[in-house]
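First chain written, first letter: the chains are A, B, C and D, and each begins at residue 1.
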Amino acid sequence: MSGVRTEEIMIAAIARMLSGLSHVAVGSASPIPGSAALLARKLSGGSLRVSLLGRISNPTFTDGARELFDCAAQGRIDAFFLGGAQIDGQANINLVSIGDPDRPKARFPGSFGSAYLYFLVPRVILFRQEHSPRSLVPKVDYISAPGVSEPNVYRPGGPYALVTGRCVFDFDKKNRRFALKSLHPDETLEDIERETGFEFDCPQGKATPGTEVPDTEWLELIRGPIGDEIREIYPDFAAKMFDAT
Amino acid sequence: MSGVRTEEIMIAAIARMLSGLSHVAVGSASPIPGSAALLARKLSGGSLRVSLLGRISNPTFTDGARELFDCAAQGRIDAFFLGGAQIDGQANINLVSIGDPDRPKARFPGSFGSAYLYFLVPRVILFRQEHSPRSLVPKVDYISAPGVSEPNVYRPGGPYALVTGRCVFDFDKKNRRFALKSLHPDETLEDIERETGFEFDCPQGKATPGTEVPDTEWLELIRGPIGDEIREIYPDFAAKMFDAT
Amino acid sequence: MTDILKSADEIAASIPDGILLALPPEYAPCAMEAVRALVRRNAKDLRLLGVPQFGFQADLLIGAGCVTEVETAAVTLGELGLAPRFTDAVKLQKIAMRDTTCPAIHAALQASEKGLPFMPLRGLIGSDIVARRDDWQIADNPFGDNDPIVYLPAIRPDATLFHAAKADIYGNIWIGVRRELMVMAHASAAAYVTVEEIVETDLLADPQTAPGTIPGLYITALAKARKGAWPLGVPDLYERDQEHLKHYAEKARSVEGFDAYIEQWVRHGSQHA
Amino acid sequence: MTDILKSADEIAASIPDGILLALPPEYAPCAMEAVRALVRRNAKDLRLLGVPQFGFQADLLIGAGCVTEVETAAVTLGELGLAPRFTDAVKLQKIAMRDTTCPAIHAALQASEKGLPFMPLRGLIGSDIVARRDDWQIADNPFGDNDPIVYLPAIRPDATLFHAAKADIYGNIWIGVRRELMVMAHASAAAYVTVEEIVETDLLADPQTAPGTIPGLYITALAKARKGAWPLGVPDLYERDQEHLKHYAEKARSVEGFDAYIEQWVRHGSQHA
């Protein structure tokens, strides 16, 4: 078994957060969460239902593109995943642009369904492999979807965790801040502090544990059947991850 | 060709009102309008589209029972048909009950989609074979759907005509009253006045023409291919109309 | 995961008393054997929602004393005339009747399907339907100028119950063009289904069947019930048994006749086989 | 009656300049040959609506100068990265961009489908999407207590354009599970469709195909265009031509490269056959 990749650590970390759930949906541009959901399904013995957007064979939904959103609003989706060009310390995410949105320095695809699903899915797991002051910022330039809401705003869902290429944060709903949960191999608390643009809590301080690295069995699943399944939607990701020498 | 039935005169009268239209829908419990619509389609050479609710083969709609209503709201249905246990002089219709609705003397099935389609379909043709002071009343006991609305109420549709077993009325939108248009065979103006519970206009007075009776060609259509088609939805109506000795 | 039960009676045993139960019209397959099983198990205090109207199955449940409340756009036996037990129950005030109109039912269920508290709907204003519904509101269209529109609160049934031609072992249900059944499953907290047959192949995996299929995700439990819609029909499989329905319509004119019908055709199991 | 036209170019000729045109995402078949024909006929001032997002087809139209305005939840080439002509056009303010979110597009189209002036939608509050949309409102749920909800005005596209596996001679279009195409057809004033083949049998008459079929009632015009979605795919018929799309993504990084691509692959007809 060759060396464990950062993506594989992220996949395993996310898969663990899906244990015991009934139905997980995965949106666009989400190969790492997609792989994690498929791994979690394997580990569940098939009891976890996974809805992969963009998959053509075996559709989960038969009522058109709106069904994902309706299904979430019905409370039938337990977890979803959102990325962000920028993510800030209040778990706001930015999928739109850097700088003034009318004269952006950089423009990204757009908000997709984030502004809705972030409110309605109980366990939204944020992911961003690049962990740097550029991606994890004090305040996003554009709020595609806010991390927290006023108490009178209908919001059964919200942020649950943030998984990066360096660590895992929990989101503390009460304090409206991230709390460092575990460090990926070779990362130190100082690394995280230096590379993170927002303030976060570190309840375990120096005792913050390492992120569990996927064992051989998990790696074989990720690189074998999971990789084959994810290839239908993300051929380039699969090629980069699994076909490299 | 045996004697012309009242139902056949009504079918022909309604069919004439559908000439030149693009799409006509027919609801529940409407064998006479259903036959009229199918006759009008035949006469149009197939250019008239007819959507018959309750038909199982060759559905017009594939988006469930709501599609009829959505389609009407999109302005894609030119004519529809409504009956009424009672119909009054302002074209209000009652499909619910006689007397106090909480302690009714008679109870009918219910309003179906009338309270919606009457507002949205441009040409709603009312039909009621029984033409008596009991069915055509000064004021309905329950308004399933009102004939007219305040000017600020969104209402692209409304009543166009009333076809009974004795005559045809036009609905005069400006005066909000019915106007006698034609008398079925053997009916006199006095008959109509005596048998109609509401007041109506009679712009042509003694010169009110007779309702055109369907000719042999039309009768052959009604009793032949139209009868066969309507039998799928209304077996009893077809048996009564076309199988009698 | 969808529970695959053994019989329509097990389906009926899973449906609690006192719930709001959404039922389809006669042209979508009705789970008549399960409805008879509800009568057999003496179901109580059901509140029925006709989507958007119904007939024989509602009349049976009302006549058998299983129902306290009905919301529907109509109850009718079609060409066979009025639904006699329904008509009697309204006249004698044995049930609370909430009259509505077809698109209002569809809209209120779609609100629930979308997790919305309400849906707006055109039409209706000036009808006694609106006048007698204190749970509805008329308010201005916020984008209009003096443009009143009706606001309907969402209806979320506790359960829905219907029949279909087939299901697969994953709980997926083939409904063809009868998509109101899909809205009912989406909008209800639980969905109970009887089917003519249960196939081993995945209905979602076949691009020919997937478009007419409700995913098992929405189905609480299903059971095989051959001729489960009888005496109503299933499109492309069997037609309505019009003679039997005529027999019912005549018997049900009186309480005694209805009771005799129930004794003969419901209490001792369905005898159509 | 649906007009059956001769080619994708005739379809493009039927679509007027200046309209609001609704287009599907890349996973529903896109009418790429008709989109190329729009570029060939130098379509102008199109306002594009992504339902709910799009990629290659929007980038092509934007790069070719056919577009003044875009409303969409995203523009992306998927794994191939950003849509370069879109990105440039926003940065250089060549198009007016209205950012939105997927369910808001679906809801606004369903409002149009239902002839409603608006639809409510959960979520969104506190996002910059709402903050920057002066055509949306936040108001209280009339059935709630201090419960704000977003009100979205209906979107009624002047036309929609998409591709499908097959149509019949009556104008019925088989879309399978891609029901967002059905909403687009219902909600738009006109619907233009290209298809791989036109069959003689009535798709609505067959209970197997009817559930995945848009009735011809909603289809303004259709034309046969073999491999009409290329270089995008059609489920069960052909896959995306990922190599060609990579080639596009590279060329389109610069205006010169994009122009060369258009010259080679669009102006002189599609060369994929």
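Miscellaneous remarks
Here is the rule we use: a residue touches a chain if its C-beta (ideal position, glycine included) is under 8 Å from a C-beta of that chain, and two chains touch if they have at least 3 such contacts.
Computed from a predicted model, the values in this text were never measured in an experiment.
With A-D and B-D as the two chain pairs, more C-beta contacts join A-D. Averaged C-alpha coordinates give centres for chain A and chain D that are 28 Å from one another.
Mean C-alpha positions place chain A and chain C at a centre distance of 41 Å.
Here the spacing of chain C and chain D, counted between their Cα centres, is 37 Å. Counting partner chains per residue, chain A shows two or more touched chains at residues 59, 61-63, 69, 73, 120.
With touch defined as above, residues shared between interfaces to two or more other chains in chain D number as follows: 114-116, 121-122, 147, 149, 177, 179, 182, 210-212, 235-236. Inter-chain contacts, as defined above, occur between A-C, A-D, B-C, B-D, C-D. By the touch rule above, chain D contacts chain A in their complex via residues 25, 27-28, 51-53, 72-76, 78-80, 82-83, 86-87, 90-91, 93, 99-104, 106, 110, 121-132, 146-149, 177-183, 235-236, 242. The residues of chain A lying in touch with chain D in their complex are 28-29, 54, 56, 59, 61-66, 69, 73, 95-97, 101-105, 107-120, 142-146, 149-150, 152-154, 234-237.
Looking at the complex, you find that chain D touches chain C at residues 107, 114-122, 137, 139, 141-144, 147, 149, 151, 153, 175-177, 179, 207-212, 235-236. By the touch criterion stated above, chain D contacts chain B in their complex at residues 1, 112-116, 182, 186-187, 202, 204-205, 210-215, 217-218. Only residues 23, 47, 49, 57-63, 69-76, 120 of chain A touch chain C when the two sit together in their complex.
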